[in-house]
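In the two assemblies presented below, chain A is common to both, partnered first by chain B and then by chain C.
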Partner chain A sequence: MKIDFIKLENYRQYKDEKIEFPLLENQNLMVIQGVNGAGKTNLLNAITWCLYGKEKHLEEKYEGFPIVNKITLNELEPGKKCNVGVLIQMKDQEGKKMIIGRSLKFQKLKNGEMITARDPLSSSSDGATFRMIQQIKKDMEDVKDPEYVLNRLIPESIEEYFFFDGEKLNDYFRATSGEKIREAVFKISQLGLLENAIEHLENKKKNFVGRAGKLGSKAEEIREALNESEKLLKEYKKELNSLKERKGEAQKKEDEYSEKLRTSSIPNVRELEKERIEIEEELGKLEERIEELEKEKFDYLIKIAPSIFAYDPITKTKEMIGRGKEAGDIPPDYKKNFLEKLLREGECICGTDISKENECRKNIEKLLRECDDISNISGELTEGYANLRSIIDDLKDFREKQISYGKRIKELEEDRKRKSERLKKISEKIRGIDFEQIKRWEYKLTEYKEIKNNLVEQIAERKYYIAQEEKKIDKLNRLFDEELRKEERHKKLRKVLVFCDKSLYALKKIKNEIMEDVRKEIEEKTKSQFLDLIWKKETYKDVRIDEKYHISVVDQYGMEGIGTLSAGERQALALSFIAALNSVSGFNVPIIIDTPLGRMSKEPKKNIARNLPNYFKGKQLTLLVTEEEYTPEVRDKLSKRVGKEYVINFRETKKGSEAKVVAYG
Partner chain B sequence: MAVNVNKKITDKITEGKFSEEIEIKDFLGEILIFELEHCEEARPRYMDKYEELINKYITKFEMKEK
Partner chain C sequence: MVNKEPDRLYIRKSDRKDYDRLLEKDSPLVGKENKDLFMMALITGFHEGTRIKLDKREGFFFLYHLNDDENSIIKAIAVAEEGDLNILLDKKKVYSIAEEYTAGGIKLLRDKVFSGEYGSYIKKLESELIDEFERIKDKRGVNL
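On to the complex of A and B.
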């Protein structure tokens, strides 16, 4: 899918603009150059506003201002209305068109105030009109449920992996980003399709059970319990999704304010925020380590608990066997089967005939009686003695191990406490800075952190309830199946349910396998692209993405090296990761990157310019760059792939600012 | 404007080791095609379609049993 053109009408600094995009397969790279503040990021905002009704990359200087062009606003006569609109025409692989448009009307009141003239049919909160028209054969037809259809094509939850700001790519390496990325991978690899099939099949199975007619009293009881549990489970899952969404929003806000502090004009604030980010990352790892150790300690206790409770009988048994060994009773002097053989053959080893009753035979029979009991268990006793000794030895280590676990956990907890206290101090210091805006950002950051932490607790709680309910449903299903087995008339229903279960098992297995395959594929691609892009070829050797989607870089000494990456290297890693994510996705969506080379120095810039288009092969790629990024060398490296090249001409007047997008040169 | 199918999913179904006596692979293939074809609709009538497909495969299985 490619963008054919974008039309902007009175949208921020764009009064009336049409930007055509390149559609050729081998020249689908577009470059739009502009100085800082010219309106590059607002092109990105225009796209997200058109698609989702939200300006997702809005800079602070625009916050709170209406989206209508200021010149239009000033020139508008009182009582009159004006329209703000963004229209995007796209084309799919077959050349079929899709037009997406959003518009919002404003009215100037007599007192000069501007108000929104809401579309009475609008379903969006700002009152905008949203339309989507699709080409069906040769005709253009309105799409009935545009928000839904659009969300299938370019899901809002993952738009930031298609339309993004290169300067903010650093966020992917935050400890808290793993879950967000995992969810994006899930959506990006179309696993939602399997999710839908699983959900629909589960519902269908419930439907079969529900309409099964009259059952036996016990089966009826189970069916009712199943019904209740399933309702509850559905409710918990719905709550969990909503909590996760809210957590994601809080996280995003937290990241935004953290970024504001990290890039603020006050050096002290910048340093403090960087320190906070580092400490929070370390704290995350500390929490994981404490959790691991506590689990190890618990598992050890579970393993050793039976020996502790049976300590007395164990030591007594060991002593008894020991005494038997010392006395020479264990193992016995004579083997039972040896004495039996002598009696059977009627001849002693000394040659005496013992086939008949005589003194010698009587002696052997006496020996046999004495060793009979002990001989039966002699082997077990000898082996048992060794085992008991090993158990007692383990118990001797018990106290030591407990102390060691306790000591290690305490040390980590103290470290955690120190770090948490330092975080409090950092927050206090930032709040103490005599700058209203900084105080406000810090206050907001703390507020969103608290909201997020609260949501994390609620999420954990829901997850626990879900696990419990799933266990219960599993058990009830087994009981239900047992009941159905008892009656011949339910044979067909059983077959249907077994068929559903087998299919559900297969779908879930496929889903998990794909998730893992995709992770490995992204890891592999990120690694090869990153090692290709970076200039310190000998320093970094590996890139890993774990199950929780935490990204790490391994240096030549096998150590974690993400903390030592320069800003440019981090950007190269993020670009490699995002390109990998896009290449394994099933989505064919245009990619737009704002400031892709912002943090790079001269050589890496050339390197990335040479490689980047290849990483997004087959996709329409638009780069929004500054003059500093788009050096003659970079331009030269990209030239073969560039299909269109524009410059944003920006002018400021007394009535407001205006940007014009004109062809380069 | 159709979304591309992720080939990984269809490959997993084809290569997966699932119950042979009931043709689960074919069934999964059919329900996923249905999901794909109807993913652009807000409320697909999946209940009827799933019932139709399940009955089709159960009948096939019963025929085989006989």
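On to the complex of A and C.
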């Protein structure tokens, strides 16, 4: 799927624009250059508004302002209406067209105020008209259920992996990002389909149980309890999803305000925010290390506990075996069962016949009388003696190890305390800066951090309730099954329920396996692209995405090196990850990246520019860049792949601002 | 005669819920293996001197899961209990002594683990181990 063109009418700074996209297979890269504020990000917003009715990348300065172009708004006569619209024409692989358009009418009142003139047929909350037309053979026809069709082509839940701000990619490597990445992998693997199947089957099972007719009193009791628990579980899950969504929103807001501070015009604020980001990352790692060390310590205590509490029997047994050894009984000269075998078989190891009564047989019988049963386990005793000695030896440094664990944990905890205090100081310092906007951003940042932390606690609580309820349901299901077994008339129902359970088990297993396969594939692709992209090839050896979806980079010495990545290397890692997500997603959607090379110095910029189109091979790629990003060197590296190249000419007038997208150069 | 080793170790059927409880999410022993719980319950029962015969029993884990140290400790407890190395000839008896101490210890272990707030068991265990270790050291000298 490629974009053929986009038409913008009265949309923010775009009064009347048509931007044509490149369609050639080997030149499907488009570059739009513009200064900050010219309207690059609003091109992303125009796309998401057209597709989903939401401006997903809206900057703060535009919040609360109507989307209608200000010049049009000022020129409009009172009582008259104007149209705001975005139209995207796309073409699929066979060249068939698909047109998606959204428009919204505004009316200027006599007092100059602007109101929305709702489309009476509109189903969206803002009253906009949304249409989708697709080519069927040679004719163009209306798509009957446009939202549904669009969601299958470019699902809203994963649009951020196709249309994104390059500067915000860094968020993937925050300490708290594991959950975010897990969600990304989940969404992109389209596992929602399997989730739906699981939910459907669970509902079906519930219906079968509900329709089972009259049951025995105990089974009836269990059925009621099951119903209640399932209802509760559904509620908890719903609450959990909503909490996760809210947490995601709070995180997004937190990131936004952090970004504002990090790029603010006051150098001191920029430095403080950078320091805070670093400390927060370090704190995340510290928390993990403390947790690991505490677990390591507990495992050690659990391992050593039997040796300490059973010390007396250990030493007693060791001494008893030791005495046997000293007395020469362990190991014995002969094992009792060995002598018995010789007598049974009637032949000595030297070949002498002892099958009949003779001197040799008598000697062996004498030895047998002197031999204890315990001689048969002499090997086990010798081995046991060595084991017991080693257990006692291992105990010698118990206190040393226990103290060392305590010391290491304490040191890390103190470091955590220092870092937390420093974070408080940073916040105080930023708030103390005599600049209203900076203060407001800091308050907002703190507010969203608190909201997020609160939500994290609530999520953990809900997860616990869900686990408890699931366990209860499991138990009730088993009891219900036992009750059904008792009556022959429920044989058929039992069969159906067993089938449902087996299918549910299989579906859940498949879901987990796919998730794991996708994780490994993304890990592999991220690694190969990252190692291909970085300029200091010998520095890093591996990229890992672990089971908790934490991304880590391993350096040449085998150490975790994400903290040592430069801003450019981080950007390269993030782009590699997004490209990997894209490649395994199976969605054939154009990619649009705002500020892809923003954080990089000269060399990395050139290197990424050269490799970027290879990452998104086969996909139409649009880069929205500033002049600083699109240097002559970068332009040179990209030139062979560029199919269209534009500049945004931006002008500010008394009536408002206007942006024109014109050919480069 | 040496009798054959059992292939698995047993717990009391009625104790199963206590083991399950110890493996729940809010327990510090979450993620531990059955043999770890068995060893912890065993030494708790042994330390407190509580031994309970298994009436109705069920298999808990296979013997091959035990490592050499754990096996040696189980045998040492049996030897100390009977005061005779010959007990090691009767493998069934050796492991049934362990099972009986485990049955005697599991409820105490559960109470210890859940009697305080989360994390308190770890501290409690650590301090009990230090006390016991110091007692041994006093008795046996610095080099144990």
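In the analysis below, the second predicted complex is superposed on the first by the 455 of 665 C-alpha atoms of A that agree within 3 Å, B and C clash if a C-alpha of one lies under 4 Å from a C-alpha of the other, contacts with A are read in each partner's own complex, and residues count from 1 in each chain.
Rule of thumb we're sticking to: contacts are C-beta pairs under 8 Å (C-beta built on N, C-alpha and C of every residue); 3 or more make two chains touch, one makes a residue touch a chain.
What you see is a predicted model; the values in this text were computed from it and never measured.
S.K.: If we overlay the two complexes on their shared chain A, which of chain B and chain C does A:Tyr464 touch? Say first, second, both or neither.
M.R.: second
S.K.: Could you say whether A:Asn649 touches chain B, chain C, both of them, or neither, answering first, second, both or neither?
M.R.: In the superposition, A:Asn649 contacts neither chain B nor chain C.
S.K.: Once chain A of both complexes is superposed, is A:Ile304 in touch with chain B (first), chain C (second), both, or neither?
M.R.: In the superposition, A:Ile304 touches chain C alone.
S.K.: Going by the contact rule set out at the top, does A:Tyr148 touch chain B (first), chain C (second), both, or neither?
M.R.: first
S.K.: Identify the partner contact of A:Asp312: answer first if only chain B is touched, second if only chain C is, both if each is, neither if none is.
M.R.: After superposing on A, A:Asp312 lies in contact with chain C but is clear of chain B.
S.K.: Can you list the residues on chain A that touch chain C in the complex?
M.R.: 294, 298, 301-302, 304-318, 320-321, 324, 372-374, 376-377, 380-381, 383-384, 387-388, 390-392, 395-396, 398-399, 402, 464, 467
S.K.: What part of chain B is in contact with chain A in the complex they form?
M.R.: 1-6, 8-9, 12-13, 16, 18-19, 22, 24, 27-28, 31-32, 35-36, 39-42, 46-47, 50-51, 54, 57-58, 61-62
S.K.: Can you tell me which positions in chain A touch chain B when the two form their complex?
M.R.: Against chain B, chain A makes touches at 1, 90, 92, 96, 98, 134, 144-145, 148-149, 152-153, 189-190, 193-194, 196-197, 200-201, 203-204, 207, 492, 495-496, 499-500, 502-503, 506-507, 509-510, 513-514, 517-518, 586-588.
S.K.: Which chain C residues qualify as touching chain A in the complex?
M.R.: 1-2, 25-26, 28-29, 32, 36, 39-40, 42-44, 46-47, 68-73, 75-77, 79-81, 85-86, 88-89, 122, 125-126, 129-130, 132-133, 136, 140, 143-144
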